[in-house]
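The data blocks that follow each hold one structure.
What follows is a pair of complexes built around chain A, which joins chain B in one and chain C in the other.
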Partner chain A sequence: MSDVSRYTEHPAIRLDGVTKRFGAVLAVDDVTLKIEEGEFFSLLGPSGCGKTTTLRMLAGFETPDEGSVYLRGEDVTLVQPNKRATNMVFQNYELFPHMTVFNNVAYGLKLKKVPKREITERVNDMLEVVGVGGLGKRAADQLSGGQQQRVALARALINRPAVLLLDEPLSALDVKLRKRMQLELKSIQETLGTTFVYVTHDQEEALLMSDRVGIMNEGVLLQVAAPRTIYEQPADDFVADFVGTLNELTIRIEKVEGERGLVASGDQERIWMDLPGGGTVGDIVRLAVRPEALQLTPRREWDGSPDLSHTSGTVSDVIYLGPFTQFLVNSERLGRMLSQRVSDAEAAAIRPGMQVIVSWHPDTAFMLAGPAADTR
Partner chain B sequence: MNDPASSVAGALVRKCRRDRVAAWLQLLPGSTFFIAFFLVPLLGLLAMSFFRLVDFEPVADFTLSNYAEVLTSSVHARLALRTVQAATIVTAIVLLISFPFAYTLNFVFRKHRQLLFFLVLVSLFGGYIVRIYAWRSILGNQGVINQGLMALSIVDEPVRELLNSMYAVGASLVNFLIPLGVLPIYAAMQNVSPGIAEAARDLGASRLRAARQIVLPLSMRGVRAAAAFVFIATLGEWVTPRLLGGTKDLLIGNRIEYYFGASLEWPAGAALAITLIVGMGVAAYAIMSLMKRLAR
Partner chain C sequence: MTATTASAPSPGGWRRGLAKLRRRPVASAGFVGVVIVYLFAPLIVMVAFSFNSSPRLSFPFAGLSLRWYEEIFTDTLVLRAFRRSLQAAVVTAGITGVLGLLGALGILKIAKRARGFILAISAAPLAVPGLLFAIGLAIMYRQIGIERSIWAANLGHALIALPFVFLVVGASLERFRFTLIEAAQDLGASRWHAFRTVTLPLVLPAVLGAMLLAAAISIDDFVIAFFTAGQDKTLPLIMYGRVLKGIDPTLNAIGTVMLVLTTSLAFMAARRTTIGER
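Let's look at the complex of A and B:
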């Protein structure tokens, strides 16, 4: 968009030490955050983590108890929602049921006293963009869930907001439609170049659509990073556990070689890990590996590659998920581990009861802080 | 043997029949009461309105003279006009108070709405006559308002026009009828999503505009019911003007009371009452359709 360049000296959104309490509950705790112009930014976290409250403070429906909200460099902390250049797509859409689709979408423009002819043109264009062209005359309460979602999007986007706020907009749709809308939303965002702030509890959705993801828990913003970084280098245990599935291995360091430690060795078993802060023999550490990083090799085919961390085990379950297959492996030393791989011929050859070597590249594992949690 | 599908269907039919009988039985106590204590007396009233009055005794002798008298009297025309005026003003004031009240209850103080709603209901427990006497002591010469005005030296002697005036009647009626206004509006608002006003605000509407353009049309059914309740209740009033109004502030209800009481002209009273009932029906219908049109 042409007018984006005018604002590049300021981020689209800046939150500065924003705190919000509801009675004794600390809903949002000292959140500081910058969202750049044109970015697709997701706030991800479990329900009650403060992500929706944060979004509502961006929209102006809640006022922070402490801190400030800046929109394109302007302090809007106390500005009413109707005076802000933000628009929102609500979780339940909140379409006006007594109006037609056209009048729903035109509502914001009418309030701005845009000339009638321009309204007609822009509304029809926007209905095309979101894929409900031709539904303008339909009553808003006679739409399917997916259509309502698109109309809600059009109603917000037509005002050309500086930032579009989306509060779990896809959560009411069935899986198939949701997947399709995820891609469509992303493509609409790229076409229009509008800054999107997207609240969701669905980590897959956040990773798929976002340029950057902010992870929240109990009101605290734990990590803000690109999806790959969030997934591969989670900032803390909560992030690691919340995003994706984790194998958590609790093991004892047996040998230290510089910044690298050998945490277990034995017959058909070697586990390496990075010890950036150094380590001491005898320390108990918690190692995390993603299921898709775990390779399974039948024991008799194992070539004993020394650079890979590996341990032996028995396949207890094979779970076929269509494109992927998951394997539950019982390791004598490390307990139950979950491995996931593409459903190919090799995967099909692995059957319950098989003796296997579970291996992974040491770089794909990361250390967890904190005490050993109860095993999941 | 019966085939299983038809025996299931038979059982279903029997069950439906049983359910329908049960439904009628459930209606029985209510409808018996309604018929015995409302419909029958009303038909009696209708019959009475065609009776002739002979020596202060209603005689079953068909005549339309009661209606002729009722409809041609200029006193009645004046009283009816004043009553409709009063009902319109009271209805407007009650709606202007009730809608924002219900709105605030449902959208602003959502957390405490049960308590606030209970407070509205409590005012219904107060009792009609008690409330009227309460207004007498508020507006009277020794009342709170006059004593306050005098204490503040705004007036030297009590304002006598406060009591026994149309203002006193209006204040008491508004006070009495507010719950009747709030209840249906609040009930209708239950079906309006609390986020919908936010959506309008988000799109640039002020609070007032969001309430008027979005919430009001969506709760119009309740507003219409409230308007009809309040309007009709005021049309039939006679106790409040009697106790709080001056001699010039009587309403059409007082005239009916006069026919049935002091003057013992029951057939004329019945004719006036029937006329009023029909008039109310017409008025209620007119209000409903007018407001329906306004909501568009």
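Let's look at the complex of A and C:
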């Protein structure tokens, strides 16, 4: 542990072909993954996708049926949770209700036989860091949700774990507090430089906080990449759909120009797409565009920019969401499309029944069912 | 018309008042009152006569006095029985507390479906008349050669109180969040340390409450002691002996002491077990 150089040689965490079954259910299916020292890594997926089981195997609460778990290069697959240099922030915090905040946070240090004076100092410092300084004497069951969350964080971080594991720690908080805690967690992580492994089913949260995101579904790790890559170049349909709303356009290629395909070249319709592997006229492809990439222009104001993909349609619904407004558009050729933009004067001018041109930059669209996996 | 509306204390007038009156549950409150009087009348009579200075058990009261209390607290027979009853209560609470906690912890390790079955079986003795247990015990004691004594009665008390303790402790553990133990282990605690610092302090209130309940059951018991205590007479047995000789005013005093003892135990037990919840 004293040899600092060891940390840099090995990733903080390495999972090697880890598989876990519960009876007949395959909870985690052959997951291989490296998480670097100091990284904020999120495991993202719907409930039951295996992300929490993976986290619990990192903590030592579950033992993999196959494969190995390495912590800073050391095989900890069979090591008990109390002997691992990991600490966990539980979904429901799990503060000890019969203890004060101070004693909750001091629990790990007392076990390590840290001198009393040092415990007092470190606990008070840590309570300051997480923003609940002065609450030490409070009973743990007399805290608000947000305060409990901070104390749970302090109780784990004070042990200076090699890796901090967080199991949906913000899911019990209301939206406003959750948004604030997301930023605070991120900044605490940056200040302390501790490796965070964060489990969540909230894609926005994962994209906002993480250095890298791993997306899981049905026990399989589908893609591991930086948030931007995940969002803009999803590895497959599931990832694309899970990290945000998609407009799925099924299109028949009508013309190929080099590495670009063209559909329906006409006065009010022109759709470009990248065909990195080349393409043939007559191929049916599935193209995906995010709602915020779709621009709406009233048909009579359309200047016909030839570089933009565009199609014509009729606005069927306008959904006001506060900062954003969504528009449902029926396109003659492509069916129902969802567009989203900031609620400004232009957005307010668009009304149901209006004839519009839906346009987007060809680079913002991507093909579905392609491989393009990005696993480091 | 205008004058009355101006002077009316509240808008709406008499109609509103009548509606309010109708909503007030006068009839049901009266009915509950009758039931309560019926339930408590014997106790009230007993407590009242324990302070009556005359040995005649009839109204009107001759005067207030503590002479019956003085009499029982100087009567060595009563005092000895009182001590035996207290001893039985403490021993019963001790045995059932330990067994109840271990049993309730053990049952958590058993699969959910089997758990329901075992809980049902262990609760079944509650439905069996105490008399049957008492006779069974007496026969069993004779077979294996255990003399009738207060200790033999203690074991019997533990037997009839154990289902209560088991159920109360079991119910509290049912609500116990076992992830708390994981949290302790995650922070470096061994299984034993986690049990000692987290599980035990959290279930202890329920265990103590259940033990108080067991003590109350023991003090209250007549049947088991009648068949197994032999010459080591507990308070209820002493009272029974006196009743056979005719209603004696000291009975009211002994009864009142027992009443205070058992109800305060039961009250503390109820408080403990509800505070223990979370």
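The rule is short, and it goes like this: the second predicted complex is superposed on the first by the 361 of 376 C-alpha atoms of A that agree within 3 Å, B and C clash if a C-alpha of one lies under 4 Å from a C-alpha of the other, contacts with A are read in each partner's own complex, and residues count from 1 in each chain.
Keep in mind that, in the parts below, a contact is a pair of C-beta atoms (placed from the backbone, for glycine too) under 8 Å apart; a residue touches a chain by one contact, two chains touch by 3 or more.
Not measured: the values here are computed from a predicted model.
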item: Combined model on chain A where chain B meets chain C, clash or fit; value: clash
item: Which superposed partner A:Gly108 touches (first chain B, second chain C, both, neither); value: both
item: First (chain B), second (chain C), both or neither touched by A:Asp141; value: second
item: Which of chain B and chain C A:Val342 touches, first, second, both or neither; value: neither
item: Touched partner set for A:Leu78, first chain B, second chain C, both or neither; value: neither
item: Chain B versus chain C as contact partner of A:Val281, first or second or both or neither; value: neither
item: Touched partner set for A:Asn92, first chain B, second chain C, both or neither; value: both
item: Residues of chain A at both interfaces, chain B in one complex, chain C in the other; value: 59, 61, 80-82, 86-88, 90, 92, 94-98, 107-108, 111-112, 155-156, 159
item: Contact set on chain A toward chain B in their complex; value: 59, 61, 80-82, 86-88, 90-92, 94-98, 107-108, 111-112, 155-156, 159
item: Residues of chain A that touch chain C when the two form their complex; value: 59, 61, 80-82, 86-88, 90, 92, 94-98, 107-108, 111-112, 141, 155-156, 159
item: Chain A-touching residues of chain B, taken from the complex the two chains share; value: 193, 195-196, 198-206, 209, 214, 217-218
item: Chain C - residues contacting chain A, complex; value: 177, 179-180, 182-190, 193, 197-198, 201-202, 278
